[in-house]
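One chain, chain A, links the two complexes that follow: it is found with chain B in the first and with chain C in the second.
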Partner chain A sequence: MLEWLAGSILLSLFNGSIYVVVSLGLTLTLAVVKLPNFAHAEFLTIGGYVGVIVSSAYPDNLLVIGAAAFLFCAAIALAVHRVAFKPLMDRKVSIYILVLASFAVAQFIRYGVFSWASVAGVLSATQNIKVYSLATLYNTELTNVYALAIVLAILISVLLELFLKLTTMGKSMRAIASNFDLARISGINVPRVVDVMWIIAGGLGGLGGMVFGIYTTVTPVLGFNTLLDIFAVVIIAGLTSFTGTIIGGYIVGFSQNTLMDFLHYYFDVSFGYQPLLPFALIIIILLLKPTGLAPSSQTGLSLIRRFARRSSSNPKEPEPPKE
Partner chain B sequence: MLSGTAVGNICNVSAMLSRESIALAYPAISVSVWVIGLAFAMLAGGIMGLVVSYPALRVKEEWFLSMILLVGGETFRIVVTNTPQIGCGFNGLAGITTPFYWLSSYFPSGPLQAEVPTGLYAAVIVALALGCFVFAQKICNSPYGRLLKSIRDDKVAAESLAKDVSRVRKQIMVIGSVMAGLAGALYVYYIGVATPEDYIPALTFSIWVMMILGGFANNRGLLVGTFVITMLDRGSLVSGILLQSYLANLNPNLIVYGRYMVEAVILLLLLVFRQKGIFPETRIKTKAYTLFDFKKNNNAEPSNSPGEGPQTGGAASG
Partner chain C sequence: MLEIRNLISGYGKLAIIQDVSFKVDEGDFVALVGPNGSGKSTLVKSILGLTNIFEGSITFQGTNITRWKPEKIAKMKLGYVPQLANVFPDLTVSENLELGGVTIRDEDQRRHLRDRVVELFPILKSRPRQRAGLLSGGERQMLAVGRALMAEPRLLILDEPTAALAPIVAEQLLQRLVEIREKMNVTIVLVEQNARKALSLANRGLVLVQGKSAFQGTPDQISQDKDIIRLFLGELAI
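Coming up: the complex of A and B.
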C-alpha cells in the first residue's frame, strides 16, 4: 500500500528545502528593509539560467556552478537595489509604491530573460549536471539532487543563523531590522549593511534556483511560477522569522506534494490544481491572523507560546489555565 | 480534442463553425446573446469582486491586499485552465463573433465584408467606454467620491466620522470588478476567442502603468495613460511586422517582450521621478466650486464659502 508515499515525502522535502533556501533571502529583505520584494522569485530564474550556462562549460562541477549562480544573482540584486529600490527608499515612499516598483523590476527581469532566452534559443533548457541515485528506500531513489537540496537547506540555515548571531555585520543587520533609526544613531553604516543584505538575499535566490534547475527544466517563468509559493512561506513565517521560514518552507513543500498526491489518489483531484494549495494557505493564514502568524517573534518556540496564549485567552470560551 | 468530447461538444471545431453560422443567419439571436453575455459578464465580475474583497479587505498590512488580489486572479486562471467544464480549459472557446457579424452578409465581397461589423462593434465599445468614463467622473465628483478620497487619505478619520469604511471599500471593489467584467466581455467578442492564458498578470501590470502614467485618482489622466500604453502595444505589433521585412533575422518575440520591458521601465521611471503621473490629482469640482469659481479669486478658500463649506473643505485635500 501507499507506494507513492515515500517518493512523495522525498519530493516534499526537496521542494521544501528549495523554498527554505530561496525564502530565507526574502525573509531577510522583509526584515531589514521592510520590502515585500515581488522580484525576489526572478533571482530563481536567473540562478537556473546561470546554472545552464556554467554547467555547459564545467559539467557536474557543483561548486563552480553554485558559486557562479550565487555571485551573479548577488550582483543583479545589488544592481536592482541601487537602481530601483534605493532611490525610492531614500524618498520614504509608501510601501504601496515599493510593491509596484518591485513588480516593475520583476517584469523587467522576467521579460529581459525571455528576450535573451528567445535569441539564444534556450526558452526551455536543462543543466548539464548528471543526476544519479545514491540509495533506494521503499522503491524510491534518493538522487544526488534531493540530497544536495536538503544538505544545502540545512547548511544555509545554520550558516545564516551563525552569521546573524556571531558576526558584527549580522548583528548590525538585526539591529537595523529591529529599529532603523536607532541603528543609524548608533553609528552602523546602514547603506553598507543593506548592500550586504541584498547580496545575501539575491545570492540565496540564485542558489535555490540553480539547485531547482537541476531537477526541473529551466524556463523564463521558473521563478514567477514559484513567486506565490515563496510568499506563502514568508506569510506562514510571519514575514520576519527565520525559524518560521524553515518551518513554512517545509509546510508549503509538503502541501504541494504529499497533500496533493493524497488529494489526487483519494479524491481524484487533478494535478493541475497543485498551485492552488499554497494560495489556499496564504488566504487561510491571512484570514485567521491578518498580520501574519508571528510578526515579531524570532523563534519557533515563541510562536507556539503565542498560540497557546491566544487560545487560552479566547473570550468566547473561557478555559481554566492548565497548570 | 479530449476536453470537447467530455463536455458536450461546445469546444470542438464543428461547434465553432455552427456558432459562426448561427451568428450569420440570426441577427436577433446574435445581438441578444451579446447583451445577455455582457450582463452575465458584469454579474460574474461583480460576484468575483465581492468574493475576493472578503479576504482582501480583512488583511491588515497594505501590501497583503495586492497579494490577495494576485492570488485571486491566479486562482481563477488556474481553475479555468484546469476545468474544461467552465471555458473549454486551456484551449479556450473560439468562434465568438461580434454581435454585428450578420452585417457581413449584406456585403458580398471586398474589404467592407469584414470591416463593417468590426468597425461598428468598435464604435459600440468606444461608446460604452465613454459611458464608463462619464459614470466614473460622476462618482468621483459626487459626495460618494469625496468619501472615497477621504478613506484613501485617512481611513481612521473617515471611520471617526461614522463612515462604514469596509462597506464602502467593498462597494467600490464590486463597481470596479463589474466594469472589468464588462471590459472582458467586450474584448472577447472583439478578438473572437476566450482563453485563460490571455489574462496573465502582465495584463494587470499594463493596466497599472496606464493608471499611474495618467495620474492617480484622475480619470482624465487615465484616458491619456490608456491611450499611450495602447499605442505602445499596437505600435509594437505594427513596427514588429514592418521591421521584419527589413531585418530577416529579427526574432518577432523580441518586440512583444520588449514592450513589456518598456512598460516596466516607464513605471519605474514614473515612480522614481514623477509619482503623480502626467496629470496630478486636481480639486473635485463641487457645486460650490463651480458657483464661486475660486480660480479667479485665489485668496478665497473653499471652506469660507457659506452653505457648502464642509464638503468643499474636505474635497480640497489631495
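Coming up: the complex of A and C.
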C-alpha cells in the first residue's frame, strides 16, 4: 500500500505544483483586469515549446531554459494584451465580449503553434533535459523534475506574496483589483501596472509549461488539455484569491492522483473517471462555500495573521462597528 | 483655480449636466447643493475625467484638462473623495495612505504628509494594519479624506462625505474639512445633501437643479433667494 501511496502523493504534489505556478497567473488576471482569460493555457503550450527549442541549444541548463520560457511567454502575453484586450477594454466592452475575445486569441495561438510545429516537424517533441532520481522512498523515485516543480511552486508563491505585499507595484495591483476607478483617480499608473501584471501572468504560464514539458511530451494541445484543470483551480480558489489558488492547485492535483488511486484500489473505480474528480470536488466545495476557499484578494500573510488572531485570547476579528 | 465653462456631460450618449459654468477661486470653500438626481455627482465626476464630455471646457490652474484621463488629472494636485467605494477595502489603512501618495516621488515629503494626515485623523495612526473594509463608516470616510490628502491636493472635491454617517460623526468630519482648508491651505468643493450645513461652512455656493446651474453666490445670497429656498432647499436659516 505504501508503494502506491508514496508514488501517488509525489505525482499529486508534482501536478499540484504545476497547477499552482500556471494558475497563479490566471488568478492575477482575474483579480486585476477581471478577465477569465481562456488563452492563458496557451502560454503553457508556448512555454513547453520554448523549452524544446532552447534545451536543444542549452541541454540541461534549467536556468536558461526557464528564463527563456518566462520571458518569451511574458512578451506574448503583453502583445496579446496590447493588440487584443486593451483596445476592447478601452472601448468598455462587456465581459462577454472579452471572454469571446480570449477564446479567439486561444484559437489563434493554438493553430499558429500547430502550423509552426507541423512545418518544423515537432508536433510531438521532448525537451533535452535529463531526468534522474534524487532519492527513493518506498520504491518511488523522487526525480529532479518533481523536485523542481515543487520547489518552483513554493518559491513563486513566496515571491509573489512578497511582491504583492511589499512593493508599490504589487500594492498598486491589489489596489486596482480592489477598486479600479479609485486606483485611477488616485494617480496609480494603471496601464503600466496592468502591463506588468500581463508580463507576470504570461511568464508564470510559460514557466509552468516548460516544467510540465520536461515530464510529458510537448504537443500543440498541451495547454488546451489542462485548460479545464486550471479553471478548476481558480474556481475552487474563489477566482481572485492567491492563497486559495495555492490550496486549489494541490486539491486538483491530489484529486486527480491520490484520490483516484484510492477510489480505484479500494472501490474498483475505473481510471476513466479521473478527469471528473476535480469537477466533482468543485461542485462539493462551491455548495459548501459558494465564494470558494478564501476571501477575495487575500494573500497568505493576511490569512496567517487571521489564524494567529483566532488562536490568541481574542478569537474573533473585530466586526465593523455600526454608526 | 478651477473654471468650468458651458459644460455638457454625462454617461454614454446621455447628457446629464446641461450647460453649467462656474468658477472656484484659490482658498474657496464651495458648497455644491441640490436635490437628489440634480447631477451633483456627475458634475464632479466630469471634472475628474470619469464621464463623457460633449461640450464645454474645464480649466484647472490655467491648464485645460477637458477630456483628460483620470490618472493624468490626479497628478494635477486635484484630490477627490467619491461618495461610495472611496477606499481600497482589501488593503490596510497604511497601504491606502501609501497609495494615496503614489504621485509624490520624494520619500521625506510623503512621510511629512502622512504625519499631517494622522495628526488630523489620529484614529488612522492607531490601526495601520486594519483592513480598510473593516473600518466603521466614519473611520472609512476619514481614511478616504486622508488618502486624498496624501497626494497634497490644491483642490479637494468631496462627494457627500457625510452620507449615512451618524450626526455627531458627520459634524466631526465637516469640522476637519474646515481645518484642512485653513491649516493646509486646500481649496474645497463639498457636494452635500445637507444644504443648510454645507452652506454654513462655505463661502460660496452653487445650486444645481436637473443638471443646470439654478443659482450661484454667497450663502447669504442663496438664503435670500426665496424661490431657491422654497423649491429646493427647504426652510433654510443660515
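The definition used in the following text is that the second predicted complex is superposed on the first by the 282 of 323 C-alpha atoms of A that agree within 3 Å, B and C clash if a C-alpha of one lies under 4 Å from a C-alpha of the other, contacts with A are read in each partner's own complex, and residues count from 1 in each chain.
To be clear about the criterion, a residue touches a chain if its C-beta (ideal position, glycine included) is under 8 Å from a C-beta of that chain, and two chains touch if they have at least 3 such contacts.
Predicted model only: the values in this text are computed from it and were never measured.
When both complexes are overlaid on chain A, the residue A:F108 reaches chain B alone and has no touch with chain C.
Of the two partner chains placed by the overlay, only chain C lies in contact with A:T168; chain B stays clear of it.
The partner that reaches more residues of chain A, of the two candidates chain B and chain C, is B.
Legend: residue contacts after superposition of the two complexes on their common chain; A:S270 is shown touching chain B, with no touch to chain C.
In the superposition on chain A, A:N179 makes contact with chain C only, while chain B stays out of contact range. On chain A, the surface touched by chain B in one complex and the surface touched by chain C in the other have no residue in common. In the complex of the two chains, the chain A residues touching chain C come out as 168, 171-172, 174-175, 177-179, 181-191, 296-298, 302, 305, 317-323.
Within the complex formed with chain B, the residues of chain A that make contact are 36, 84, 87-88, 93-97, 99-101, 103-105, 107-108, 110-112, 114-115, 118-119, 228, 231, 270, 272-273, 275-276, 279, 282-283, 286-287, 290-292.
On the side of chain B, the complex with chain A involves touching residues 55, 58-64, 66-68, 70-71, 74-75, 78-79, 81-82, 202, 205, 208, 212, 251, 253-254, 257-258, 260-261, 263-265, 267-268, 271-272, 275.
Those residues of chain C whose C-beta lies close enough to touch chain A in the complex are 48, 50, 69-71, 73-75, 80, 82, 85-91, 95, 98-100, 102-103, 129, 131, 133-138, 147, 151, 164-166, 169.
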